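Each structure below is given as structure tokens.
Across the two complexes that follow, chain A remains constant while its partner is chain B and subsequently chain C.
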Partner chain A sequence: MQELRVLLYETPGDPYMNLAFEEAFARARGAGLVPDTLRIWRNDRAVVVGYFQLASEEVDLSEAARLGVPVVRRFTGGGAVYHDLGNVNYALAVGAPSSDPIDYAYGRLLRGALAALRRLGAEAEVENVNDIAVRGRKVSGAAATFRWGSCFIHGTLLVDADLGVLSRVLKPPPEKLRSKGVSEVKYRVANLSEILGRRISCREVVEALVEGFEELLGARAYLDVPTRMELEVARLLYRGKYSRPEWNLERFPHHAFASLEEQVASVLGQRT
Partner chain B sequence: MSEALVYREYRFPRDLKYSERHAWVKPVGGGRVVVGVTDFAQRRLRAVVFVEPPTVGARVRRGDVLVTLESVKAVSELYSPVTGRVVRYNEALDEDPGLVNRDPYGEGWVAEIELEDPGELESLLSAEDYVERVVKREA
Partner chain C sequence: MLRGCAVKRVRKGVVRVEVLVDLERRALAGARITGDFFAYPEDAVWRLEEGLRGAPLGEVRMRVLSLLRGVRLVGSTPEDFAEALEEAVERAVGACKS
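Our next item is the complex of A and B:
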């Protein structure tokens, strides 16, 4: 039977490191240095914006500062999301598919998260290609990327997050974007605990996610720890990118990071 | 537009060269080429909503990320098909990134690159080779 490496590595108090590690393990998988890997992790209160977003357009920055909610950019696209310890994130890095990568990511890999929610007793359905809703309310959103030779998908899962803080720090999307063939479910988020009417522990969610992806991939999961190389790459990315305001707050910060790319590639043995 | 090779719903002009990673290359004289995203790749991306511009004046190596593209459902990269200096970027993509989808070989061009080695063009694929070796494998 195939095996699925599972990482529970997380730095909830440091969202910048959490996102730096997210990129590090995706790149390590892309470089063929680690096997297919599922990571499950949490941030304490933070807003995570999409690769192409401008933080000031999506986030009430003064309110976020007042509430002590840091803003960090991720390397995948899509909209801004709110994290706290009541939200569980999953991330799966596998090899690049030979077929249509977007179909593969959402038509197939997303089903691991769907299976997890069903295991928890939720009548979960995929909406808008990459959201998962239960009874018309979104509990999970996902984003994918095909870089560094890997196929990567990650997503949120609202368990019992503080939606009051969410609505205070995230700006509502403009009306014009709301009508582009996207169902309103995208903007009607809810916690799984509330929908199911019982308290759900994060441990339960972690187990359901592991089982959901085991089922999907026909693999047996084993718990692992990050490799030294993954941590080294994460530290480089943290210092050179994720901890920097120009990465987190500006829209196109790519150019500032050319030398960082060289360092990362060098650690991964991809270039001299 | 000159004659194109058609495979399924995709078009590949025969006067262009192609990379295995879905860039097209058009020599424009003076040791320069214009590059863009192939019809096959733009359909795979779905609707492009953002293009992160390259640094004009910077050197890129073949295989380096030239631009990062966000489509409605994923972030992808266009890898430079050649080594050289980026001399121009299609700024129209800032306002209308959908040009990549609507006119991939025309108004949706991405960048102009000054080749370090004009001979590098010889190592790129013809439309036929791109379809046979790359598109048919992935379609």
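Our next item is the complex of A and C:
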């Protein structure tokens, strides 16, 4: 039976490091230095904006600063999301598929998260390509990338996040767009615990995600820790990119960080 | 130099555009495209912005469609981007007239 490496590595108090590590393990998988890997992790209060987003357009930056909510940009497209310890993130990095990677990521890999939600008892459905909704309310959103030679998808799962803080730090979509009912489910988020009417523990969610992806991939999961190389790449990415305002607030592309790219390539290259 | 903005709803989310128009040359001096869309490969968005710099105003639409050829968009279309760019240009030019 195939195996699925599972990492529970997280740095909730440092969202910049959490995202740096996210890129590091995606790249390590792409370079063939680690096997297929599922990571489950959390941030304490943070806003995570999409690769094509400008933080100031999506986030009330002064309110975020006042509430002590850091803003960090991720390397995948899609919209801004609010994280706290009541939101569980999953990330899956596998080898490049032989079929169309976009269909594979959103059409197939996403079903691991769907299976997890159903295991928790939710009548979950995929909506509009990459959202998962229960009774018309979004509890999970996902985003994929195929950069670095792997097929990578990550997503959120709102369990019992503080939606009050969410609505204070995330700017609402422009009024004229809302009235036209654009991607409505995208903006109608809810916590799974509220929908299911019961308390859901983090452990339960982790188990459901692991089992959901085991089932999807026909693989047996085993718990692992990050390799020294993954942590080294994460530290480089943290210093050179994720801890920097020009990455988080200004929307520069990866290639604007040229010397960092060289350093990372050299670390990945040395070990191949 | 005139500035214009547009926000266009697309099937999944929004495409926001901000342009700088050089009215003397009747050309785009710069464009910034942001939003919660998905484009693969991702760097095509920056190539689009670079490719639009200096584009004559009448050719913006054609340039957008040509620069997005081969780019996979999820939840939006090249037309969405072309329309958002054109609207931002119209607003920039209109702001001058008014």
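Assume the second predicted complex is superposed on the first by the 256 of 272 C-alpha atoms of A that agree within 3 Å, B and C clash if a C-alpha of one lies under 4 Å from a C-alpha of the other, contacts with A are read in each partner's own complex, and residues count from 1 in each chain.
In this text, contacts are C-beta pairs under 8 Å (C-beta built on N, C-alpha and C of every residue); 3 or more make two chains touch, one makes a residue touch a chain.
Everything numeric here is computed off the predicted structure, so don't read it as measured data.
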Please indicate which partner A:77 is in contact with in the superposed arrangement: first for chain B, second for chain C, both, or neither. both
Chain B or chain C, by number of chain A residues touched: C
First (chain B), second (chain C), both or neither touched by A:99: first
With the two structures laid over each other on chain A, which partner does A:147 touch: chain B (first), chain C (second), both, or neither? both
Considering only the touch criterion stated at the top, classify A:267 as touching first (chain B), second (chain C), both, or neither. neither
Looking at A:4, would you say it contacts chain B, chain C, both, or neither? Reply first, second, both or neither. neither
Touched partner set for A:48, first chain B, second chain C, both or neither: neither
Applying the document's definition of touch, where does A:233 land relative to chain B and chain C: first, second, both, or neither? neither
Going by the contact rule set out at the top, does A:57 touch chain B (first), chain C (second), both, or neither? second
Considering only the contact definition stated at the top, list the common interface residues of chain A for chain B and chain C. 50-52, 75, 77, 101-102, 106, 129-130, 143-147, 254-255
Hey, which residues of chain C end up touching chain A in the complex? 7, 9-14, 16, 32-43, 45-46, 72, 74-75
Chain B - residues contacting chain A, complex: 44-46, 49-50, 52-53, 55, 58, 68, 70-71, 73-77, 137-138
Residue ranges of chain A touching chain B (in the complex, touch as defined): 50-52, 75-77, 98-102, 105-106, 129-130, 143-147, 252, 254-255, 258
Given the complex with chain C, which residues does chain A contribute to the contact? 50-54, 57-58, 75, 77-80, 101-102, 106, 128-130, 143-147, 173-174, 177, 180, 182-183, 186, 251, 253-255
